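After this come two complexes, each holding chain A, first together with chain B and then together with chain C.
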Partner chain A sequence: MSTARHSTTRSLAAHGVLILYTVIALFPVFVIVVNSFKSRRAIFADPLALPTSETFDMVGYQTVLKQGDFLLYFQNSMIVTVASLFFVLLFGAMAAFALSEYRFRGNLLMGLYLALGIMIPIRLGTVAILQIMVASGLVNTLTALILVYTAQGLPLAVFILSEFMRGVSDDLKNAGRIDGLSEYTIFLRLVLPLVRPAMATVAVFTMIPIWNDLWFPLILAPSEATKTITLGSQVFIGQFVTNWNAVLAALGLAIVPVLVLYLIFSRQLIRGITAGAVK
Partner chain B sequence: MAQRKPFRWHIAVFLAPAVLVYTAIMIVPLIGTLNLSLFNLTEAGERVFVGLRNFATLFGDPRWSESFWNALANNGWFFLVHMLVQNPVGVMLAALLSSPRLRMAAFYRTAIFIPTILSFVIVGFVWKLILSPIWGIAPGMLDAVGLKALFAPWLGREEYALTTLALISVWQFVGIPMMLIYAALLSIPDEVIEAAEMDGVTGWSQFRKIKLPLILPSIGIISILTFVGNFNAFDLIYVSQGALAGPNFSTDILGTFLYRTFFGFQLQLGDPHMGATIATAMFGIILVGVCVYLFAIQTRLRRYQF
Partner chain C sequence: MGDLTLANVTKSFGATQVIKGVNLAVNDGEFCVFVGPSGCGKSTLLRMIAGLEDVTSGDVRIDGERINDLAPAKREIAMVFQSYALYPHLTVRDNMGLALKQAGKPRAEIAAATEKAAEMLDLGPLMARRPSELSGGQRQRVAIGRAIVRTPKLFLFDEPLSNLDAALRVATRIEIARLHRELGATMIYVTHDQVEAMTLADKIVVLRAGRVEQVGRPMDIYNDPDNTFVAGFIGSPQMNFLKSGPFGLRSDTLGIRPEHLEISASTGQIEGRVSHVEKLGGETLTYIRTADHELLTVRQFGEHDHPVEQTVWLTPDQSRAFHFDAEGQRLRA
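And now, the complex of A and B:
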């Protein structure tokens, strides 16, 4: 009985800490969202108050939707993010499997070579990347962005996934080999499902910098037809810097899509965890 | 004579796509940049090979070296704040989240990760608003609990600005260590935990003696990722303090220093050669850190297979 009471106290304390941190994490988002629905005067008078029937005002959102082509920007961001993510996960997992599973000459060297990319920001090579894209006629296409982001995401994906794949039981893979499975089947059928939680984690970490990147869209694909949502809202903030209603509304809109993407993967993460693992 | 082992094609097939894309889009352009650091322009505007003379200028010429060491020291402090605040908080949150039968764990995990998915544009803008002495959510809140005297324009004071930005960055990124540690904690088999419970090892001592050794490799990864991320950082300082990293360069880190040199600002013209030199120096610093991790730390970590 004393253990039961003890664990209740402990779980209350755990909830207390987590709720406190949740409030800290969400407070600034709350500030943006709440104020984006208020009239200009109310934003300044009482920034923390919820919008009431008197102070409620959608003028910010109206300005944003009238001005920018947000739906197209959103679609561009989605295409770039999802396609890059797919290639990063597929190529990254394949390379990670080769590095963690096989002993071959140059294994350590190859691992270090691929890990180099974690250390150096790909931005340092921007000038040369731009030259390559101009030469191949890919400027102002989404393909250029997808290529750059795939290269950018691969090193971290390989690093994390090979770390996780080293923990996959050798007995399982050898059992598969004895049963006559090819190396490709072992990778696809045995190892990939087991590292699904790690894949979801890599997906979340790869997706965020891609979605939020400002640099490469600005340099490689600034045309109206290929603008991403981050570039779109940045340009918008630049133009409307004193129109706080519009800026807050634009920021609010920029949060929504990435939040949805994150929620999708976060569910996959849980599914991977509950379904996977060696039983 | 022993026969040579046949070439294992599947290894090449597994490696090829990643290595090709990575080499063409990342390594080749980067080598171009490193190469650039060995050249400079003559008076006549011709590009000539100068060897390591750019590095001599960067470390020796007081006009350059002062900014460089200032940026490096600031960057060191930026990293230290992350190691001391972000990673312990991340591990603690993950440990709490992974406790069995915790209700609403998914909600907490999602909520705490939300700052990490926001772009720097949003984060910089909203914290400037909150900490602004004029619009003033922060002074108002401190006033409400009677601590108004504690308020200072943190982002505007030389002595506080860097620490404030580091803490904003911690606020934004604490979700990353939390998620990685959380995944590592969940992958510990129930049998191990049950065995510990049978032996009466629970609570804090269970965490310290059973779980902590099992998640040490993940903590190692997180530390090196934090190191690399911090020494590449640029965006947050840029969006909140501008390329000049004010006040009076007190928030200048290597990333902003590189940006100013490479692209120029106000009256100074961009200098791709010195920019490439700084980039190469950053590359060297990070390389040393990563080698220390790979050879001195990672090889000593024990891995457990289940």
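And now, the complex of A and C:
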């Protein structure tokens, strides 16, 4: 009896902590969404109040949509995120497969070298990256962003995926070899489906920083044609006047696509995170 | 056809040599079992034959042709793994047919070969299922079926029964023996279980630390072991090793199987106390602690009662004893 009561208290406490964390984490999102539906005066009068019939105002969204280019900004963000994600997962998985599957001289060193990027922020190399992009004529192209984000996402992808791929049964890969499957087929058809949860985990962890990034779009692709949504929202933030309705509306809209992507991956994500702990 | 020759085969991982020069000939149609304790290199040797590990030096030949540098798929072998290793995304039928499909065989031929193998192993009702919907025993039968479909020169089994429970293990063992008789193919089978080795093999290869200790037919190895390692490894319960000194013999060690030690409450050559009794119904195993020879095992057929801590006397049947020198090598009279 006592253990049962004990575990109830413990699970209550655990849920309490988790709920508190959820509230804290969601609070800024909540404030953004709520205020994006209010008039400018109401935002400043009482930032935490829900919109009422008096304070409800769609002016922010109207401004954003009238600005016209927002669809383009969304499209740019989408292209950059999805393309980077694709390359991170593809190259990350390939490198991880090589590191986990083949014995070669310098395997361990290569693994460490590839994982080093997790600890060194890529922004430290901004100047050099900009010089490279200028030299190769890639400034103000989405390609520049895709290249940088792919580099940024690879270390974590290689690190996580190689750990998971070590867990894939050797017998299965060997059975494939004896049956005459090529190494590419073994990688694509046997190993990748088995590490799908890990791929989803990597996808989510890679996708969110890319979608939210302001730094590299600002430096590498600030032209009108290549602006991403986070950079595009900045037009409403002026040195003297900031159109808060529009900023909040733009950010509120920017949450939607990333939320959709997250929902697609989330089922697999949970399996990926808990796989090590539960098994 | 499918005979296998290993000539001076070695394998090193970095500076450590794990296979230290193995010479072996397996004839066409023979069932050859590699047996030894874990870490003796038996699985590594099998994987070298399969082409999954490089051969550091020496030759691996199938039908006289050197295959050291041939890819696994080109060696005309099939392998059955301990963990079944079925393709999770394919049905039983596709699992069995994949190798032929990869080899570019016509669809009708694949279907015929798959059906034939399924019939042999009674897999008919399972053909449309995926591996996740099968029990362990069914999965291993599918894995064996996948090997049969290829009609390989050489079947390789890597501890195929180790993941099965005891009853299923016996049933599958009999199944494998039947398949060997029906197919007449050459089979190489790796196990750490000497019972599997004794019951299945035409030829047993006992390995220790990357070296072949003895090769022979099961009964030859049982009745005529070359050294204390083979004598102790083959046969269950294990052979007793007695110090020869007290018997006034020239040898260092006297090996005697548990059934060849006579136990008596009154007279005998070795005094000891009963430490534990195991009654198995058909036979009784009595463990006896002695001053000179440590723990000895006596095997008697039928049911026998020996109270624990009772003093008993043991007499080895000298005509059935094996004599070994200080290095553990057999001294033959």
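The definition used in the following text is that the second predicted complex is superposed on the first by the 216 of 279 C-alpha atoms of A that agree within 3 Å, B and C clash if a C-alpha of one lies under 4 Å from a C-alpha of the other, contacts with A are read in each partner's own complex, and residues count from 1 in each chain.
The definition used in the following text is that contacts are C-beta pairs under 8 Å (C-beta built on N, C-alpha and C of every residue); 3 or more make two chains touch, one makes a residue touch a chain.
Being a predicted model, the structure only gives us computed values, none of them experimental.
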{"item": "Touched partner set for A:S169, first chain B, second chain C, both or neither", "value": "both"}
{"item": "Partner chain in contact with A:P193 - chain B first, chain C second, else both or neither", "value": "second"}
{"item": "Broader residue contact with chain A after superposition on the shared chain, chain B or chain C", "value": "B"}
{"item": "Touching partner for A:A225 - first (chain B), second (chain C), both, neither", "value": "neither"}
{"item": "Touching partner for A:E183 - first (chain B), second (chain C), both, neither", "value": "first"}
{"item": "Chain B versus chain C as contact partner of A:L18, first or second or both or neither", "value": "first"}
{"item": "Which superposed partner A:L48 touches (first chain B, second chain C, both, neither)", "value": "first"}
{"item": "Partner chain in contact with A:V260 - chain B first, chain C second, else both or neither", "value": "neither"}
{"item": "First, second, both or neither for A:T150, with chain B first and chain C second", "value": "first"}
{"item": "Footprint overlap on chain A, comparing chain B with chain C", "value": "169"}
{"item": "Of all residues in chain B, those that touch chain A in their complex", "value": "8, 10-11, 13-15, 17-19, 21-22, 24-30, 32-33, 89, 92-93, 96-97, 99, 101-104, 106-123, 125-127, 129-130, 135-137, 140, 171, 176, 179-180, 183, 186-187, 189, 203, 217, 221, 225, 228, 232, 234-235, 255, 272, 279, 283, 286-287, 290, 294, 303-306"}
{"item": "Contact footprint of chain B on chain A as seen in their complex", "value": "10-11, 14-15, 17-19, 21-22, 24-26, 28-29, 31-32, 44, 47-48, 87, 90-92, 94-95, 97-99, 102, 104, 110, 112, 114-122, 124-129, 132, 147-148, 150-152, 154-156, 158-160, 163, 166-170, 182-184, 187, 197-198, 201, 204-205, 208, 211-212, 214, 230, 233-234, 237, 247, 251, 254-255, 258-259, 262-263, 266, 269-270, 273, 277-278"}
{"item": "Chain A - residues contacting chain C, complex", "value": "169, 171-172, 174-181, 189-190, 193-194"}
{"item": "For the chain C and chain A complex, residues of the former touching the latter", "value": "47, 50-52, 71-73, 77-79, 81-89, 98-99, 102-103, 146, 158"}
